[in-house]
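Just passing along the structure, written as structure tokens.
Chain naming follows the written order as A, B, C and D, and within any one chain the residues start at number 1.
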């Protein structure tokens, strides 16, 4: 494998969210890793500039063990409200995170369903409305639905994070059609969050026009998480480039890439 | 996009075909480009070490216009027998290519069907048998079928090149199940050739365990072929790394990546 | 084709909605047909007991042309609120339908999106809450989402009608994963509405455990709508029977259905 | 479920194979059933006119237990050469079947691969050539490939039986694209054999234009095989009718089936 590419980064292709100008379109999560030690290597290998983390994972009483210490400099922390079952709980977690010095970004995650951990769009909208008013940069995790996305947009969300499949399922873009419509109809960045299990699936989301993807389980449960983080990094870039390069049309029949006749007559 | 990755190339992951030790797993074709001028840029951007070309495309009477002049040094030329309808025609083209100084690699392409340009496995096998005897490094393009692949292997082919979808269709891995079986049951390298239309599809083929992919139309018909070649380069590496990293299992239900309870009680 | 089956109707497999005991699990719509004359033939061929209709289609000033005249006896009319953009408009349409003698069933359809005609789950919920209070049997058309379905259930809906794909697209079960989860997690009947374009897709929805399907465009735009209505009738029954019969498990490898060895030795 | 349809059988839609005029397009197999007793009920429920059976299953020494006794009158027996690994073995089995009074139809099944039980197209072709010469009505089971199908057609096969997925896998139409091409390019009847696991998948094959399907494992491994046989019977008819009725086109965007505006203004 030989990937010392020099010139693939058009300087104007960055993602603007909450005032930040992101060059990486791979967001990563920090859950499920077998040890804290591997997390910084994964973060570095991913090239990610936005890292999400459940506040529960922060070991407040044991600061030297704190995962926050492993965050690379210049990385944006995106605390999530995992564990919240209502808007009020999500708001409370967000405020605690901010008070603890985690900044003003927040990924809203409100889940009432315990089997598929699907986000509740109603509570998510209410939490978004409140936290935007309080000055947070709000990225809501949501069940892909155009009406919900429109309301989240109107409420001031900075991006929309629809799921591709249930969290941790590694099952890819099961909701592809709805995500396609969100990308087409919503002007906010669409960040596919949850379900992506393979680098190819991340690339496909980007080719569809997603602004970014968030990956956690697929990296954390890989045989070699650091290597898998690199794989996702390349895949996200590849998918983004594929989108920008303008893919050719699909055809039902064949179209010769080599001339079909004439060789033997002229050879 | 920020991809100045240093350490993703495990020195032991190379592809051995016909005595060559390949670091790139992206083979590219040279058909369908709007101009000769863009080809060398595409080849360089792709990082490819194996380039296929129909002999018809070589302008023997006008050597300074010859596409062979654009081949980067240290690139292996893989002449293809495009235009052949029988084993005999394919053998004749291969010999002419060799006589013209194109080396001893050959991609056998024997097509009798004019609508889908599907390869004929019978004629392909006969051509393979003959050309292996003559000392060629033979890579047969074939319709994915286990029995045919076994015979090509027994005949001394150096790799097997099943199609993902009809040539030039950009429709991806339509024959996924059969290719999966070939990868599992055949010990030769499996190189997916034809049909791949998006970087994500190339990545998926690699994640399945394909040894390499050959891409032509998807690059040639892209809005920016050079940029698309880079996208495919990254995607192939990403897919290969995903395969090597050992993907996590897929699950029907969700599995929390963040803890679901306990935060508020302990906050 | 020979389908004079006698004994396929277990007497206990009926669908109970709003006090009605339905034997047919195919609901049909009356839009888009080239002429009024064909509608009664389609209705009869479909065997449907529930027929949806936009009130606008009723020609109040020209009663003898009225499509209501074509309704077979013992068929339940399911007026829909097509054209409504808000809950209030939907409620108003439902009341008008009831006042006009169309009964107390209503399919709520509130659409704000003009390109994909996707239902708005928020307005749909509000209309459901109101109309249930007024004694209607409410069947809301909705964008598949577990949280929305739970709220509609709590509000007293009689069934949930998630879309498979945008109305009129004939693109099948694009939202399969979300519908699967609704079937598993919601105790109300799940009726797949919109998008089903082929009999096989209706059968698949039934095999997944859907309680019924609603089909309109696929029948109305077929070359022979009457014949297609019969095809859907059989497909829905086939899918339901497949579900009840208990399908065998899927396997990655083969499993011989015939013995593989021993014949020649013993023959 | 109410399926006493009267007029769905256009008298001119029959399938002509080997001189027989078939009204049922569902072929069934007799392997894997838990007991002999259930087989005649399954055959009757399926409405099938062609039944395949491995000769090994015939208990020659115990004639009263013989499955042949259970065959409904006017059913065509299609002995298969299951267990054969070469053309010669297949030919020998076919001759034995004929000598034993099983008629002159034969399904050629030559398998060398023990994991996926994939048919070997080379040996299958050789057996076809020989048995056609001997006057058999030959239906070869094959790995879907256009070149192989053309050769089988030229050799005098009466139909082509490509697999949808490995035998007994219940995984459906994994080879859909190749089967689609066979249906388009080959003038013989295409009968999808192996892999079909659900009634909806049988319907889909028929909608694609397959002439018939052969189902065994999906029925034999169902919770209620007799009921599942009825389900497949209806599904095959539904799919065939869907094909004949002329399906409407698929659209990316929505198309209203009900009028979107005007109601409230006129109500």
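Everything below uses one rule, namely that a contact is a pair of C-beta atoms (placed from the backbone, for glycine too) under 8 Å apart; a residue touches a chain by one contact, two chains touch by 3 or more.
This structure is a prediction, so every number in the text was calculated from the model and none was measured.
Relative to chain A, the most remote chain by averaged C-alpha coordinates is D.
Rounded to a whole number, the gap between the C-alpha centres of chain B and chain C is 46 angstrom.
Centre-to-centre separation of chain A and chain B, using mean CA positions: 30 Å.
In this assembly, the C-alpha centroid of chain B lies 35 Å from the C-alpha centroid of chain D. In chain C, 115-116, 118, 171 are the positions where the chain touches two or more neighbouring chains simultaneously.
Chain contacts here close into one cycle, and each chain has exactly two touching partners. Residue ranges of chain A in contact with chain C, taken from their complex: 112-113, 115-116, 118-123, 143, 145-148, 150-151, 165, 171, 174-178, 181, 184-185. Interface residues of chain B facing chain A in the complex, by the touch rule stated above, are 1-5, 8-10, 13, 23-25, 29, 31-32, 45, 47, 53-57, 80, 82-83, 89, 92-93, 96, 109, 111, 114-118, 166-171, 197-201, 203-204, 207, 216-218, 220-225, 227-228, 230-235, 237-242, 244-264, 266-267.
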